[in-house]
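Both complexes shown next keep subunit A, but they swap its partner, so subunit B is in the first and subunit C is in the second.
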Partner chain A sequence: MTDAASLSAPEAARRSLVGWLLVLSLPLLMAVMELSVYAVEPRVLSLRNIVNVLDQASYAFVFASAQMMVILTRGFDLSLGTSVSTVSVASALAMTGLVAAGAPDALVVAAGLIAGLGVGALVGLFNGGFVAGLGINPFVVTLGSLNICLGLSTTISGGGPVFNVPDVFSRLFYNGKLMPGVSIPIMIAVLIGLGLYFLLNHTTFGRSLYIIGNNPRAARVAGLPSRRYLMFAYLACSLLAAFGGLMLTARTGSGEPNLGGSLMLESIAAAVIGGVSLQGGVGGVGAVVFGALFVTMLSNSMDLLEVGGYVQQILLGCVIIIAIFLDRLRQTRA
Partner chain B sequence: MTHIVDRRGAGAVSQRALRGYARVGFLPTVLIVLVVAMALFVPRFLSVQNVFNVLRSSSYLVILSAGQMLVLIVGGFDLSVGAVVPLASVVSAMTMVWAGGAVPGQTGLIIALGVLAGLGSGLLVGLLNGLCVAFLKVSAFIVTLGSMSIATGMALLLTNGIPVYGMPKAFVSGFGRGLWFQLPTAVYLAALVVAAVWFIQNFTKMGRYLYAIGGNLHAATVSGVRTKTYLVLAYAVCSILAAVTGLALTAEIGSGQAVINGQLTLESIAAAVIAGVSLKGGVGRVEMVTLAALFLLILTNAMDLLRIDPRIQTIFLGLIVVLAVAIEEMGKRRTPVD
Partner chain C sequence: MTFADPVQAGVSRAAQAARDSGPLLRLTGVSKRFPGVLALSHVDFDLRRGEVHVLFGENGAGKSTLINIIAGTYPPDEGEFVYQGETIGRLTPHTARELGISPVFQEFSLVPELTVEQNLFLGRELTRAGVLDRAAMRAKAREVIDLLGFDLTPGRKVRDLSRAHQQMVEIAKAFLADVRLLILDEPTASLTEAEAGKLFDLVSKLKAKGVGIIYVSHRMREIKQIADRITVLRDGRKITTVEAADVSENDLVELMTGRKIDVLFPHIEARPGEKLLEVEGLTLVNRTVTDVSFYARAGEITGVAGLVGCGKSELVRAVYGLELIESGEVRLGGEIVAHPSPAGLLKRGLCYFPSDRVAEGLALGRPVRENASMTALDLPAFARAGILRRGGERRAVQSIADRLKLRPPHIERAVANFSGGNRQKVLLARGLTRDINVYLFDEPTVGIDVGAKTEVYALMKDILATGAAIVLVSSELPEVLHLSHRVYVMHRSRIVAELTGADINEQEALPHFFREHDAEPGR
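Up next is the complex of A and B:
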């Protein structure tokens, strides 16, 4: 198995036209989709809609990159979703509690961040501890933490939303104005993307994740501290997801125990459609950017064409299978 | 193995007993402890009504998990079972309503058509899954994620989310809520499915091939096993069993439902995993899966009877799934490999 990064220049040049078409299949598919929607509904390429899509895609990007951190190591995180709900509820409760006590804004926001990221860290340590420490299958471990988080989020919130998240929090992570024309979620997504790019490509930890995913035994034999790195991967995944949860909480302005409902499957779908392989060791920030954009564009186009929600679900299912099949072709050709 | 048999004496016997116990796992013990404790401390646990409820609800999970196990054995996954259940429910109910109008009075025919349509919808999803996995070599996780989305969308699209009423009385009161020899009908259905799968696993070529494929796909192909056929078969059987679950639930509820317990897929995988079915493929026995499904439902029932908040129950279940597998894993490591 050679991944794109390890291809030498002449090898790459020898690729046939078909090969290149396959490599570009996702961007091409996206362009074709947007243009054909444009023919029917010109609004799709209006500045407002494009900004809207980018905005939505930032959230998808954060969750999909969280998921990528563990998919790279041949794992996945089923608890991403219910953990996001728990983060949302916990941070909202911490903030509303302090607001009621009359605490200053800075303290309120700090408490929200600490509560949210703290929950994320705990989930990450639980998942990583069982996966890396005891060698239990990630599916089982994260299935367990999925249920634990589900119970926690509904218990501590009492089942309903936690209202009155302070405006200052929403301004900070959602609708504040820092730079004209660029929304805060987009800026956060870009920062996270740059950070992850550096982490995955220029640090020992990042490169080791690929090696662990490609061949766990080789990684261990080579003397990599695999367990510690695996642990970090799960921690990073849950922390990123928690941060995404805080962003969503800022957007809705309330702590929602059902916030993460479909996030788990969507995040895996976006990552995998972008080209992160469930076999581990293949993928990167670029893949997640494309995957998140694709998923968002698809649902945006269907919304604009007024496709009903049920039909959207069917089409999304078909597209996931087709996209992954194209990816499969791409990998066998490369 | 043989050197133990040669050494006669108490040590060898107890060692062999231990080894046998390790093979079966700790699940039966935990199950017995749970049942005895509940029977001693909560009298209502053994009341006829309660036993019926537990048996009926675990029957559904047993059928579903047996199918899930087959797919796990070939090294796959089926995330779509939880969506096939409502799809089969809706399709069968709508067919029966339609047939009730087309051939009024022919109850037998109406039910047969409904059942066939329900099973057919399951078979279609199973074929989609199996063909994509076997021939397109797409990851099972993604394929079944896609088909889950498709099946859910279909069920909702067909009904707009509104329950489908108007099935023949015989189907609901005769089968779904009926008792045969004092036991809910679903129990017989589950027993039948378990017996059939047990037979397949132990006495047929298909059973052995499924283990071989999951153990080492390449080796199975090289040895001349038609791996693709058997892969498709495993997925098809899994989806059909999910459809059977859907039919039984529809008969009990009395209407076709596009939204049925969203946790079914995860529960079926949890039951299989607690039963020691390996997610890497090649390992898994239906009798253990049956015990695990019973264990999960009895545990839920026990927590209900002890008035534990359902939200806290979810937390418990999560912990138990992880701990069960962790203990199993540790046990395996301590048993010497030979």
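Up next is the complex of A and C:
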């Protein structure tokens, strides 16, 4: 019998299989990737490399989390990379200045934090002000602030790195020993993850972000303070990014005017690959964890296989496009 | 065999004849499963040439699934699909159209940024030597629109059209091709009586030409008017197929719901109290409402009737702060509302239920719980100091869902997985999560079935008994006339009449719908 039933039953099975594959695709893909690299380069699964990947992924997680805050509202932040550079330079300048003046450690660290998070807050207010307050497209607004931050970081640093970030800062946010076996970046990432989970799932702000992203008009009709929350989302994004910038500054030990180079694309890639939908209202901390791990594993594998940095850029570009395509599939099928 | 075998030829002639005399479409034992739901279970259905076959059933009964299968939107999981005597294996929307199956769905498939004409020809543009033949398309579009008698301008962008006019474009699209099987899914939901009348004329013409028409509707009057046969679905199963002439309205409602419904419109006692909402000389920036004054009293349903586009919807939207006000005054409980905004009005006890549930009522991707509580997140029962009280929220929403008889009663499911009537209940749940004493209903029963309608009416009755004021805006005249205790009629942005007591009837109301000129306010 060639009736509709005999033709459509396997067809239906195939579809639900596609649905399952989409859910499991990321963990599967990561396993396949690690195992195939292992065949060529066994070091990939050494304890040392795994610890290294987790360390790296912590940074990726912080930036992707920042990006998620605005992607949830159907926006994104193109200025994330260059604002991180500005944060790095500004905090390094504040700290080295105070060190030269002979200030105590606590004051130096506080000044670094204030300068870095201050820059983050300004960028967030700028982006949020234009997007939420004036209703301008986030693409345009953050493209503008991308350029502004690029100019700022090179101007105030004089174009080169700001050296001699005090060791105390690096110990605090990078290589200090607090708990055996767990590095500071990982601890920070876990804390941020827990905090964000609470924020997104247990506060009216988090709840509203999902509703605004899912249907902005319905949010307005329901009387949610959409503009204020949109503003907060951009502020939270830039503050998180700034904090990530401080962590990177602690690691390099210097203020770098081009620190944020590829961060913008990487952060969007990690969030989207993890399952934060660019169409808004879908995603969460778990998604960002997986996305950050994937992006980090990918670049780690390519490093081990000695793929050149520029080729890696090409691959990352391709990966983000595939991720967005998969996001579409997920939204329509699953 | 390549040569003409006389016996073979005879057989094929017989087959041809059988094809022409048999039903146009025959579905046998069709089932369709969605994650967690059996949407259709072994349904048989047939459609003859030249008949109007009405599909009747509650929201979620499987009507949409059935017409989507016929239109090729998705394949059935099992069952046989025979069209014009041939078994069809795999049908896509595209091949369905090529076979002459033209669906007109409730959800529009129009591109807002394109013109009426561009939408009509989308994907099947007329060309001459590879270049778009605009003149030919304009002429053909004109022809179809004139045939339908619709008031449409081919050059206008769909974005600028009212919902009623968008519906007309959607219908016109179906008539552009050579139609053999026409599917109409609640086509009159946003048409005026006159426009609906023209559509019915056209349906009769198509019938005479042998086109088979599947017609989905909840409106008894039009079913009586045009149906030849009626198939009743309930919970994904076919209950029966009957000749339209053999059944009464009550029979149909009983078949559909499986229970007896004596009167559709409940008798609601009016106990007019003080004026809770007063509007004085309201004019909107876009002039869809001009110099309107009205009031709504506690314990009374205040109806606002009028044609689609007369400004009645904009009137209540403006009260809720969704339209820009140029002049005039809104008073709530005697106090002036200086700058109406949804959040501010909710706090003061006024709630608006939008007519377009998908576009601005609900966040479809989010669960029922979040949709029901989103207007109440400022209350201590739902959140304190910005931190949600999820347990309390869950209990509150679950009890409201039970009270409204949400089906299925799963408040963690995304609203997108519920039928129209149940989506409406989710929306209405918002009015029960906080203290509201003025309810603005904008087309509360558009696109929902009779069962859900009676539940919405029962809710109104309950609400009224608590001493609240209800403003009911509706394009469905029987609804607004039967339920309201006072009715305002709007015409071209103004209130032109106020009907009270025994004057609330069609004879009194209808003349005001069709005034020829911008009459002076009727009071």
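The rule we apply is simple: the second predicted complex is superposed on the first by the 311 of 334 C-alpha atoms of A that agree within 3 Å, B and C clash if a C-alpha of one lies under 4 Å from a C-alpha of the other, contacts with A are read in each partner's own complex, and residues count from 1 in each chain.
Operating definition for what follows: contacts are C-beta pairs under 8 Å (C-beta built on N, C-alpha and C of every residue); 3 or more make two chains touch, one makes a residue touch a chain.
Here the structure is a predicted model, which is why all the values come from computation and not from measurement.
Novice: I'd like to know which partner A:G144 touches here: subunit B for first, subunit C for second, both or neither.
Specialist: After superposition on chain A, A:G144 lies in contact with subunit B alone.
Novice: Taking the superposition on A as described, I'd like to know which of subunit B and subunit C A:I321 touches: first, second, both or neither.
Specialist: A:I321 sits against subunit B, while subunit C stays out of touch.
Novice: Per the contact definition in the header, classify A:G135: touching subunit B only (first), subunit C only (second), both, or neither.
Specialist: A:G135: touches subunit B, not subunit C.
Novice: Tell me which of subunit B and subunit C touches more residues of subunit A.
Specialist: Ranking subunit B and subunit C by residues of subunit A touched puts B first.
Novice: Applying the touch criterion given at the start, work out whether A:L107 contacts subunit B, subunit C, both or neither, answering first, second, both or neither.
Specialist: neither
Novice: Touch test for A:P225: subunit B only (first), subunit C only (second), both, or neither?
Specialist: Touch status of A:P225: second partner only.
Novice: Is A:R207 touching the first partner subunit B, the second partner subunit C, both, or neither of them?
Specialist: second
Novice: Between subunit B (first) and subunit C (second), which does A:V282 come into contact with in this model arrangement: first, second, both, or neither?
Specialist: The second partner, subunit C, only.
Novice: Counting only touches as set out at the top, which of subunit B and subunit C does A:R217 meet: first, second, both, neither?
Specialist: second
Novice: Would you pull the subunit A residues touching subunit B in the complex into a rising list?
Specialist: Its residues touching subunit B are 76, 78, 130, 134-137, 139-141, 143-152, 154-155, 159, 265, 268-269, 272, 278-279, 308-321, 324-325, 328.
Novice: In the complex formed with subunit C, which residues of subunit A make contact?
Specialist: 2-5, 7-9, 11-12, 16, 201-205, 207-208, 210-211, 214-215, 217-225, 281-282
Novice: Would you tell me which residues of subunit B are touching subunit A in their complex?
Specialist: That would be residues 132, 136-139, 141-143, 145-154, 156-157, 160, 266, 269-270, 273, 279-280, 309, 311-319, 321-322, 325-326, 329-330 of subunit B.
Novice: So in the complex, the part of subunit C that touches subunit A is made up of which residues?
Specialist: Those residues of subunit C that touch subunit A are 30, 33, 35, 75-81, 87-90, 320, 322, 341-346, 352, 354, 359-366, 370, 374-375, 377-378, 383, 386-388, 390, 430.
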